[in-house]
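Chain naming follows the written order as A, B, C, D, E and F, and within any one chain the residues start at number 1.
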Amino acid sequence: MSTVQAPRNPESDPRVKAVFDDIRATRNTEFINQLWRYLAFDATLLEQTWAEVKRVMATPSALDPLTKELVYITASVINGCSYCVHSHTAAATAKGMTPQQHAELLSIVALASKTNQLATALQVPLDPEFDRG
Amino acid sequence: MSTVQAPRNPESDPRVKAVFDDIRATRNTEFINQLWRYLAFDATLLEQTWAEVKRVMATPSALDPLTKELVYITASVINGCSYCVHSHTAAATAKGMTPQQHAELLSIVALASKTNQLATALQVPLDPEFDRG
Amino acid sequence: MSTVQAPRNPESDPRVKAVFDDIRATRNTEFINQLWRYLAFDATLLEQTWAEVKRVMATPSALDPLTKELVYITASVINGCSYCVHSHTAAATAKGMTPQQHAELLSIVALASKTNQLATALQVPLDPEFDRG
Amino acid sequence: MSTVQAPRNPESDPRVKAVFDDIRATRNTEFINQLWRYLAFDATLLEQTWAEVKRVMATPSALDPLTKELVYITASVINGCSYCVHSHTAAATAKGMTPQQHAELLSIVALASKTNQLATALQVPLDPEFDRG
Amino acid sequence: MSTVQAPRNPESDPRVKAVFDDIRATRNTEFINQLWRYLAFDATLLEQTWAEVKRVMATPSALDPLTKELVYITASVINGCSYCVHSHTAAATAKGMTPQQHAELLSIVALASKTNQLATALQVPLDPEFDRG
Amino acid sequence: MSTVQAPRNPESDPRVKAVFDDIRATRNTEFINQLWRYLAFDATLLEQTWAEVKRVMATPSALDPLTKELVYITASVINGCSYCVHSHTAAATAKGMTPQQHAELLSIVALASKTNQLATALQVPLDPEFDRG
């Protein structure tokens, strides 16, 4: 069940086809996952979202590809996005995440959520040593 | 302003002193940040929280120390813990995070929050390819 | 799967029947969606929740009906309520939301979540110009 | 207290100056709020964030400018971004939000958060009538 | 810094005065905390919010007053409302919460947040035994 | 659909068997719910998570068992963990939660979420009376 109807023949729209072609080329796979098929209900939203995902996630940069996916999984878990937890766990696995690294990631996310709530519950005042501004 | 009173002389309690000594030894610094000073209102809570932080964050493991801090910052941002965003950004900087890596981390957290909300708003159905179970 | 059992014959309870009748009259439809059928496990909770929904959402006021639904969808997305995203997207569509407006709403929700997390990650201090108090 | 240091003379960097000039021209004011001054620690992040804010919020479109700000405030409240709640409430006021509309917005955000949590607590199953996909 | 201006002489408005009088009588104290002073910017919002707080929190019912406050603190922590964490921790203390109970409450909130994120990260399927519907 | 594969014969691993045996003994039931079967993908994560759940939730303490479950349900609802809402509502029911107490719990969670968002939207300043630190 979704809140929009994914287009039946999305690639009949040349703007959608161009994005899908770029996804296939960038990821070197024929697989287009459902997020893109549903975003295709609005070509502009599809184009802009893919452009940003490609720039941030698929361009060599100061963080390695696996680290980026670990950060993405973390955000997805805390934001409670079931779809995104699935898709980025699959992406991290494809980029080499081992079961041991997965378990360790979960330990950190769990611990962080624990101490985040403790600090919020205590309303701990900031240490002046943390100031950067 | 906090919701508990941090003990005035926390190390007069030998259980608190033992934890503070271990923090100093583990981190190789005299600095004990406020989270621990406030958790000291309950020695058991202090001991258990530090034991877990030490085990997960200060023990060599399958993820390197900087990656762990990037994950911790991410969780802290999305959980909205101001104290934790400050303390773990400081910790990541101490472990070598460059301004460029910091900016890139923020780009990923921002992008993830964006696509997390898009997937939730669209209620995108799961691709069978993502199933591991 | 739910955490309470929806009553089998909810309208055998006159308090529930009165609420359901008012929902049908207010919305001019025979359709009673599941939220109300499950809230019927406690007549008081049902009555109070419906009274507030009717007062806030179904009474002419300073904001037009479609704007109200756009705000409701936004809250539902960020709160991560799948049921509510579905029901209020359907309500907004019934009140005239076009696909273009829907796509634009998603763009704003996505952008806001992005800049919300950036401001939290940076811990940007408040501009004195924003003070109203 | 912030987690990065805002540049002392941000406009000595021509990329930052170009963004600040565009903010002033687009908003027709000399005021550059702190979010942009802190994002200036990384010119690329600044450029990309402003480009998206300008495109989504400052371009005539299918939703009127005040409605857009009401949606932005809503997301900022639920995401718990204090800075953003301040800045977008100021922006909405500048675009004509009356105190009555403000109070009504708060009523909707409060009600939505209430029913969002009720639906989540009950785990209400979806009505087939809501399916669009 | 707030987003509305609290009225300077709130009780010059008889509707506000009636609510403030009822708060004082119900709580048996002269102290009116800031939430009510700011909600007074809109008499209707003030009246409706107080009526619900009084009905849910200040009326004898199936849960004892301290348990209700523990639940309220928990929601406030996870929703990230600093003001509410402060006000409801004070309320729980006034209703007899001991430091030991406070520490235990924090342990549960911390543990729940941990296992909540683990279950979300794993996307654990529901046990049929949990179905009530 | 899950993000890890639950082991087919989890109790062939003696560390997993020891945890499962302890769950059965502590809870006095043969039923091992899915969270533990999936956490078994990593024996260390399983052992540590169960040890903490047992210590916090299954040991006589300053809060009674039902109150603890009400707090756990509250955190689970606000954190948006569908699995956890189900499992802890079942646990609370097993510990004697009546339908009336359940409805009242939901009223408090709903009200708290409402006033949490109102206080955040108004950015109400703290009363000095709330300071403990």
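Some points to look at:
Here is the rule we go by: a contact is a pair of C-beta atoms (placed from the backbone, for glycine too) under 8 Å apart; a residue touches a chain by one contact, two chains touch by 3 or more.
The structure presented is a predicted model; accordingly, all values stated were derived computationally and were not measured.
Shared contact partners of chain C and chain D comprise A, B, E, F. Using CA-based centroids throughout, the chain positioned farthest away from chain C is B.
Taking the mean of C-alpha positions as each chain's centre, the chain lying farthest from the centre of chain D is F.
More than half of the contact pairs of A-C, counted by residue number, reappear in one of C-D, D-F or A-F; that pair is A-F. Simply put, of B-C and E-F, more C-beta pairs touch at E-F. For the self-contact between chain B and chain E, the two sides draw on mostly distinct residue numbers; the shared fraction is below half. We define each chain's centre as the mean of its Cα atoms; on that basis chain A and chain E are separated by 34 Å. Chain B and chain D have CA centres that are 27 Å apart.
In whole angstrom, the spacing between the mean C-alpha positions of chain A and chain D is 21. Residue positions of chain E with contacts to 2 or more other chains are 1-4, 38, 45, 48-49, 52, 78-82, 85-86, 89, 100, 105-107, 109-111, 113-118, 120-123, 125-126, 130, 132-133. Every residue of chain F that touches chain A in the complex is listed here, in rising order: 1, 3-4, 41-42, 44-45, 48-49, 79-81, 133.
If you check the complex, the residues on chain F that touch chain D are 73, 77-78, 80, 82, 85-86, 89, 105-106, 109-111, 113-118, 120-123.
Those residues of chain F whose C-beta lies close enough to touch chain E in the complex are 1-4, 31, 33-35, 38-39, 45, 49, 52-53, 56-57, 61-63, 67-68, 70-72, 74-76, 78-84, 86-87, 89-90, 98, 100-101, 104-105, 107-109, 111-127, 129-130, 132. By the touch criterion stated above, chain D contacts chain E in their complex at residues 80, 85-86, 89, 99-100, 102-103, 106-107, 110, 123, 125. In the complex of the two chains, the chain E residues touching chain C come out as 1-6, 38, 48, 52, 126, 130-133.
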